[in-house]
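Dropping a structure here in structure tokens format, bear with me for questions.
Which chain is which? They are A, B, C and D, in the order written, and residues in each are numbered from 1.
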């Protein structure tokens, strides 16, 4: 046994069982067994935030349900977008009479199923707007941003729209705000070793010993090129210009920073990586604001990490600082600084 | 490059650099570069909570500094207890005039260095009490509890004494409370695959394909026996009686539950494991209270998990519920349940 | 085709995709993530169950039920797209007790534009559209013929279209990230589309599925 | 031994543990976690630096400085224990300008009980004590002899004690978790203790370290 699984066909159901059993004070199953919702819904008159996504990337999505972030998650099979009718259930479950923002990480399956779900929801008279999220600089050249994939920088969108929805922002405001966060975000990933599929028990791709793949997607899709850096610092210094020069981030810009682990990389290593990220930002005169380091968007136990930056404005900053009560999202600040 | 390291000799320093750079609003370096403390100390007149431990297990210790938990952590080399003079620095840094509780996870090196540090501190006129923590049922038979090793169930002690120290409990009260939590806690671990040493780049031990080792220690020390369970549920059902029957936990008992990942096991799997833990508890009539699932006490990317239970009383329950503002400890509840 | 024959079609497709499961998985593994075979098998098993559960002789209703089964069962990029085809056919044939060539032409035409819109794909982008589009052309050329004859031509055209994807560059889906965008490999979704028309033709001419 | 000779001892030990680093690592890997060699090499390098930094001819002060270096440099279970030995020797010889056998006997006796207390270990538990205890017995038997002669006997006894650990069961430290508690393997800390007395004897009789 290399993976702690009972029956691959029941894996997603077992995972949800274990989740609602552990965090039942915060989350519960919706009307559909593959939709997870807050235990106590957000007040009526607030915009709901929903997302459908393939599983296997936890804690993202499932773990971020709670006050200040998501209202409902439609949980797909491992690495497979959930079908439209399931996404529709998540939309229904998050509707509190003020419309629903459906977050969509830009991957073919997620987009197609979400769009069809939006059609079904509108046909029922629900008000719903999809927000496509894309931040991976490696997946399409500058100028074709809207052809890029969603990557861990989408975290900034979840957090910011989640906070503002809680405070009562309207659906139109949230679409505008979410688009602004997305357009201010850039991510690049580096993979060191593949994860193991819980369905097949086999590695998800192969990588020549000693090579690091720049631009690996969250399902193991290739991106930019492979490199052979000797140290963490060298690798980060190879990556940072691709991110900084793309927006570009400029001297004096304030940024949110996420160093995200892909699952098989230790926190020790992620902190070593963050040290180099902070050094490069300092050299470039770009000012980090309350960074986040950890494994939030994973690809099973794939080894590697991504670096995401988001250019701040005041509304984004306030939303980043707002409290969250989700089981697996956490970025506290001092109580009275 | 399989591990994101610059120079193995600088690994711990680089990690601390990256940590205080990311979470500088919450933590900072103490007077000694290998001691990490809260950015703003706890008010004078409160008991300080300090710990020294080998690194390589993050987030534990380093990531749990903050209001409601630890005041200072002396960070040793990878898997090596920090020397007495370093532990002394952590004791000094956490002293706010009401004495210091020094938490010590029972491993030979940690105990010896802590005891010598306590001697040094007392010679300086500091008031400090060490609290030995041991919870691993696999490492010595029942009746010889005080010969057992510290394991991830020590988490309950950190959280509970951290909360009560913040509220103003005295050093004597905290020693009594911490001992009570320890004596009410039992843990058993299962390892599926070794982690890789960041110093040597080699696996830390070897395990025959398909075998699971019950009772593996947090540095890869062997414990009970090896088993070949086919499913997560089978494995959990093999483990639970060893834990439940040791205290024993009985019908009607309320318990804190921790399903802890060793680093290389996905959250998806840990949730599947928790499902089985919850099922066995229900069968036994033992009632879980706000469980915690995640990778908190790791051994690099070792694959596996441990199950810890702690029998509750009212003081422990209130302390478990108290807020924490540490970068990597998180167990929110609904704001107004 | 009667409603019961449409039920037989759903049954035939469930069998065909179960049989071709591993082949489709391997095709998808070459350029994508390898889950296409399992998804189609699971989805068409649901479609079969859905058509068996719905009574009556309205072919549109049975096709719609099949579409719902595909929709909830396949997942991934292709599920919603194959579902769209059956939902469009169901809408075109709503209320009819016999499925005629004209319904199929209208449904496939509608599906082609829906799939292109949902997937933002064009013909030549190495997707299932590259099998569906020539099939639709063939159906149109045989718009006045009996359904079995029109489907014979469509099945041939779909298979040719699928084979021709071997030379195309992927611009959508996961194949887009494959080395050289998958040139040298056929598109699994296009092969699934060819299998669909071939099975349909078999059932329509009264052959064993 | 003068203060400078104690400095030479620290230098000799730094060289000896650097040389034996891999051997000690392997011994520790067999029953523990393999870090003992690196720890001793790092710690005695610090001890050498600490003794070089401290001026004067007070042998007690130089030994105490060595103890502080060992304490902060080794880490793990053995660091504090080896540091205790040097700190105890430093206390016993405080103020003296020549280290005499009586200081060494007193210091080692104090260290033995400190180490046993800190480590909760008894003789026979397969630890460094099993080399230190026979060395102390030999020193006591030669309490009236010159230091070099007393150390000659202590070095022999320590080595014999270390070798004898091969048959013992570990009850402390990580070796306790080794299969059969490490029976069949010598204890690395005991070997380090033997190396210490051997090097000390070499330096005391004026030999090259």
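Quick note on the criterion: a residue touches a chain if its C-beta (ideal position, glycine included) is under 8 Å from a C-beta of that chain, and two chains touch if they have at least 3 such contacts.
If you're wondering where the values come from, they're calculated on a predicted model, not measured in any experiment.
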Worksheet, complete the sentence: The chains touching both chain A and chain C are none
Discussion item. Report the chain whose CA-based centre is farthest from the CA-based centre of chain A.
Written reply: D
Worksheet entry | Euclidean distance of C-alpha centroids - chain C vs chain D, Å | 79
Discussion item. Taking the mean of the C-alpha atoms as each chain's centre, how many Å separate chain A from chain D?
Written reply: 55
Discussion item. Suppose each chain is reduced to the average of its Cα coordinates; what separation in Å results between chain B and chain D?
Written reply: 33
Discussion item. Can you pull out the residues of chain B that are in contact with at least two other chains?
Written reply: none
Worksheet item: Residues of chain C touching 2+ other chains?
Response: none
Practice prompt. Have a look at which chains touch which and call the overall pattern line, ring, star, complete or other.
Written response: line
Practice prompt. Using the contact rule from the top, write out all pairs of chains that touch.
Written response: A-B, A-C, B-D
Worksheet item: Which positions of chain A touch chain B when the two form their complex?
Response: 1-7, 11, 14-19, 21-23, 25-26, 39-40, 55-56, 58-59, 63, 66-67, 192-193, 198, 210, 212, 228-233, 235, 257, 259, 263-276, 278, 288, 290-295, 298, 300-301, 303, 305, 324-328, 330, 332-335, 337
Item to complete: In the complex, go through chain B and note every residue touching chain D.
Response: 76-77, 79-86, 107-109, 111-113, 115-116, 139, 217, 219-223
Worksheet, complete the sentence: chain C contacts chain A in the complex at 33, 35, 39, 68, 71-81, 83-84, 118-120, 172-174, 176-179
